[in-house]
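The two complexes that follow have subunit A in common; it is paired with subunit B in the first and with subunit C in the second.
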Partner chain A sequence: MLATEELSVTYGNILALGGVSLRIEEREIVSVIGPNGAGKSSLLNAIAGVVPVASGSIEFEGQTIAGTAPEELVRLGISLVPEGRHIFGGLTVAENIRIGAVARRDRNAIDGDVERVLAMFPVLRERLRQPAGKLSGGEQQMLAIGRALLARPRLLLIDEPSLGLAPLVVSEVYRAIADLRAEGVTILIVEQSATRALEAADRTYVLASGSIVMAGDAAELRAEEGFEDAYFGYKARDP
Partner chain B sequence: MVGRVEKTARLIWPVLSLALVLVVLAALLSLGPMPLQRTATEAFIRLIVVIGLYIFIGNSGILSFGHVSFMAIGAYGSALLTIPPNMKKIVLDLPPFLTALQLPTIPAALIAGTLSTVFAFVIGVPLMRLSGISAAMGTFASLAIVYVVISNWKEVTGGASALIGLPVYTDIWVALIYALLALGLAYAYQESRYGRRLRASRENEVAALATGINVRRERLIAFVFSAFIVGFGGVLHAHFIGVLSSSSFYLDVTFITLAMLVIGGMNSLAGAVTGTIVVSVLGELLRLIEAGFDIGTLHLAAPRGLREVGLSFLMLMILLFRPQGLTSGREIAWPLAPKAG
Partner chain C sequence: MTFVLQNIVDAISLGALYALTALGIGLIFGIMRLINFAHGELIMLGAYALFFTFGMHEAIMGLVAMALVIVAAIVMERVAFRPLRRANPATLLIASFALAYFLQHLVLLIFGARPKSVTFLYELSEYFVVEGLRIPKLQVVTIAITIVLLVGLVVFFRRSSIGTQMRAAAEDFGMARLVGVRANSVIAIAFLLSGVLAGIISLLYVVQTGTLTPRMGVSLVLVAFVATVIGGMGSLVGAAVGGLVVGVLTVALQAVLTVELRPYRDAFVFAVLIGFLLVRPQGLLRGRSARERI
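Our next item is the complex of A and B:
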C-alpha cells in the first residue's frame, strides 16, 4: 500500500532521516520504534507531506506522492495524528472533530462519521462543547485520532500514541487502534515505548539515528541479538 | 423548538451584544456637542479598521504592520473618484479620463475598497508563505512602500502636499452603520468554516496541516477580506476629514490601531471592540489633560505627548499582566442559560 525508498529528511544541515526504505501492506499494523531523536516523527511527517522530502521516494498505492501538499494527501486517504497534544486547544471538542473533514467533499456523510467517532470514544460525547484544551491527555489523544478519522483515511499515521499517558489509557488507545484495523484501516504507528508497539503491530521496524537498523515481526525482533542495543541507541549497528 | 431558538440566540449573542453597545454609545454621543460627536465618529472609523485588523490578526495569529496601507489605498482611491474634475485639474496631473471621472460616493467607496482588496491579494500571495516574525516584517515593508509611493507620486496623490476637495459625508451615523456592517461580516467570517480553519491553524499549525487544512490559502482569504474592511475604513476616514495627507496613513495609525487590538484582546471580536472603546476614551481624556485648563489666570497643562506615552504605558501593562488583553480573547457569552457541559 505504502512504500518508501531511500527516504531522507533534512532540517538545514541536520540530517533527520537518512535513506529509509520500508513498506506497508493493506490492512497491516506496522510500528516503527526507536529512541528519542531517531527520526521517527520526521518519517511520519514526511509521509504526510508536513515536512519536505530531501531525497528518495514515497509511493502510495502505486502513485508517487513525495512533494504532494498535505491537504491533497488527506484527500488521497493518508491522515496523520501528530505527536503529543496536537489538538486545537481553543476550539471546542465538536469543532475539533468536524474540522477533520476539511478536505472532504461529501458534506452530508459527515454527521454519520462524527457519530461513529463518538461511539468509538464515548468520553468525547460528554465534552462536545468544551474547549479541547481542557481535556485530559488521554482524551486529547482520542480526540486527535477521532479528528483524523473524519477524513476517512485508508492509511492512518499515528505519532507516539502512548506519549505521557497512564498505562490504562494507553490500553484504551491501542484497543481503538485494533478496532480501526478491523474496519479496514491500515496503520503506521511510531513509538518510543517498544513493548506496546511490538505487541500491537504485525511487523516492526527499529529506527536509530535516522536509519532502519532492524526489521521483522515482534517475536523475531525480541529474540534477536542486539535488539536492545539498537533500540536503546547505545550503538547503532548496521542491519 | 425552544432548543433551536436558544441555539440561534447563543450563536448571535456575541455579535448582537456588541452591536447594541455601539448603537447605545452612538445614540448617547450624538446628543453631545459637535467636538464630542467628531471624536466619536473618528472612534467608529478606527473601530472599522481595528475590526479589519482583527479578521486577519485575530484569526490567523500573525501580526500585520501593513494594514494601514490598505486604509491609504482606500482613502486615496475614493478621493480620486469623488473630487470634482475642476479641482483635480488644478492640483493633480491625471490621465484625462480619470480627471473627468466623478462618481457618487457609494460606488466610489466600493471601487476603492476593491482596490485595497486587489492590492492585498497581490502582496498577500508571497507574504502568506511566511510565518511569524518574517510575515510581520513583510507586511511592515509593504506599508513603507505604499507610504513612500503616496508621498512622492505628485501627479496622482498630490505628493507631500495635502489633497483637498473631498466631499465630506461621514458623520457619526454613517460611521456607526459601517462599523455595524464590519462587525457583522467579521463575525460571520469567524464562525464560518473558513474562519474555523484559520483559527485551527492559529492554535496549531502542524496539526492544521496534518488535518488537511491549506493554511496558506486560509490566511490569504482572511488577509484579502480584512483588506476590504480596512480599505473601507480608509474611505470613511477620507470623507470624514475631507483632506488627505500621506502622513496620516503611517506609523501613528498603525500603532494606535494595533494598540487597540492588543489592549482589548486580539483573539476575539469583543476584544477588538473593547480595545477601541477603552483606548479612544482614555486617549481623549489624556488629550484633554494635555490641552490643559484654566483656573483664573493660571493655565495648567500636562507636557505634550502625554497621550502617546499614556497609551504606550497601558499597552505595556497589558502585555505584562494580561497578555491575552482585557477580554482574554473571549467573546461575550449568552447569559441566560448555564454553560453546557
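Our next item is the complex of A and C:
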C-alpha cells in the first residue's frame, strides 16, 4: 500500500532522515520506534506532505506522492494525527470532528461517521458544544484521532499517541487503534515508548539517527540480542 | 446634552468606519500573518473607480467600484502574496508596502497628483433633525451597514463550512491543511471578503469627503492598524472593538482638545496607543491566531 525508497529529509544542513526504505501492506498495523531525535516524526511528516522530501521516493497505492500538498494527500486517503494532537482549541468539539470531513464528497455519510467516532470515544459526546481547548490531554488525543477518521483514511499515520498521557488513557487510545484495524484501516504508528508500539503492531521498524537499524515482529525484535539496551540505552517500558 | 449626543453619534459612525477597515486588515492577518498595508490602496482604487465612472447611473458607479476593488483584492493575493506564502511575516509586510506604493504611483500616473472630487449619493449628505440633533443620513447608513456586515460575518464564520475552515486555518494553518482545508481557497476567500469590506468603505468615504488623492488610503489604514493592535492582533471581534474605540477616542479628543491643540489630535491618538501597548501589549482581546505561523 505504502512504500518509501531511500527516503531522506533534511532541515538546512541537518540530516533528519537518511535513506529510509519501508513498506506497509494493506490492513497492516506497523509501528516505528526509536529514541528522541531518531527521525520518526520527520518520516511521518514527509509521508503526509508536511515537510519536503530531500531525496528518495514515496509510493502510495502505486502512485508517486512525494511533493504532494497535505490537503491533496487527504483526498488520496492519507491522514496524519500529528504529535501534540493540534486540535483547534477555539472550535467546539463537534466542529473539530466535522472539519475532518472537509475533503469528502459523500455528504450523506458524514453524520453516520460522526456517530461512529462518538461511539468509539463516548467521552466526546458529553462535550460536543464545548471549546476543544478545554479538553484534557487524553480527550484531545481521542478528538484528534476522531477528526482524522472523519476523512475516512485508508492509511492513518499517528505520531506519538501516548505522549503525555496517563497509562490508563494510553490503554484506551490503543484499544481504539486496535478497533480501527477491525474496520480495515491501515495504520502507521510512531512511538518512543516501545512496549505499546510493539504489542499493537504486526511489524515494527526500529529507527536510530535517521536510519532503520532493525525490523521484524514483536517476538523477533525481542529475541534480538540486546535489542532494548542497544538502541535505547535503557529498558523500554510503559510510560 | 445635544452636544454630547451629537458627539456620540459622530463617534459611533467614525468608529464603525474604522471598525470595517480594521476588520479587512484583521481578516488577512488572522489567516496568513500578513499586515496588508495595501488594503488602503484597495479603498483608494474604489474611490477612483467612482471618479472614472462619474456621470453614469449611481448604482452602476457603485457596482463597478465594488467589483473593481474585489477583483483587485483577489489579484493582489494571487500575484503578490501567493508566491511569498512560505516567506516570513517581515517579507510579507514589506511586500505589502511595495504593493501600496506601486498602486499609489499607478494611480498618480493615470490621474495625476491633484486631488479629484466626485459627487456620489449626494442625498446621504442631508440631515435628519431629531430634537435639535442634526444627524447626517450618511452616519445612519454607515452604522446600519456596519451592523449588517458584522452580523453577516459572525454568521458566516460560525455557521458556514468555509467559515469554520477559515477559523481553523487562522488558528493552526498547518493542521487545517492536514485535515484537507485547501490553503489557496481559504486565503482567496479571505481576500475576497477584505475586498468587499474595502469596497464598501470606498463608497462611504467618497460620500463623506468627496475628495480623492492617490494617498487617501494611507492614513485610514494606519488608523485601522492601530485599531487592530488595540483590539488584539488576530481577533476579529477585537478588530471591530478596536476600530470603535479609536473612533470614539478621536471624536472625544476633537471635542475635548482646545482649538490650538486640535491639529495635533492624531498625535494624541497615537500617544494613547503607545501608552496602551505598554500596559497591555496583547490588546484587548488576544486572538488564538496571534501565535507563530507554521
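In this text, the second predicted complex is superposed on the first by the 228 of 239 C-alpha atoms of A that agree within 3 Å, B and C clash if a C-alpha of one lies under 4 Å from a C-alpha of the other, contacts with A are read in each partner's own complex, and residues count from 1 in each chain.
Following the convention adopted for this analysis, contacts are C-beta pairs under 8 Å (C-beta built on N, C-alpha and C of every residue); 3 or more make two chains touch, one makes a residue touch a chain.
Given the structure is predicted, the values throughout are model-derived calculations rather than measurements.
With the C-alpha superposition on subunit A as described, subunit C and subunit B clash in the combined arrangement. With both structures placed on the common chain, the touch criterion links A:P70 to subunit B and to subunit C. Contacts of A:I99 after superposition: both subunit B and subunit C are touched. Contacts of A:P82 after superposition: both subunit B and subunit C are touched.
By the touch criterion defined above, A:R125 reaches neither subunit B nor subunit C.
In the overlay built on the shared chain, the residue A:R116 is in contact with neither subunit B nor subunit C. In the superposed pair of complexes, A:L91 makes contact with subunit B and with subunit C alike. When the two complexes are overlaid, the chain among subunit B and subunit C that reaches more residues of subunit A is B. On subunit A, the surface touched by subunit B in one complex and the surface touched by subunit C in the other have residues 48, 50, 69-71, 74-75, 79-80, 82, 86, 88-91, 95, 99-100, 102-103, 147-148, 151 in common. Residue ranges on subunit C touching subunit A, taken from their complex, read 161, 164-165, 167-168, 171-172, 174-183, 288.
Looking at the complex, you find that subunit A touches subunit C at residues 48, 50, 69-71, 74-75, 79-80, 82, 86, 88-91, 95, 98-100, 102-103, 147-148, 151. Contacts from subunit A toward subunit B in the complex involve residues 45, 48-50, 69-71, 73-75, 79-82, 86-91, 95-96, 99-100, 102-103, 126-127, 129-130, 144, 147-148, 151. On the side of subunit B, the complex with subunit A involves touching residues 193, 196-197, 199-200, 202-204, 206-214, 267, 329, 339-341.
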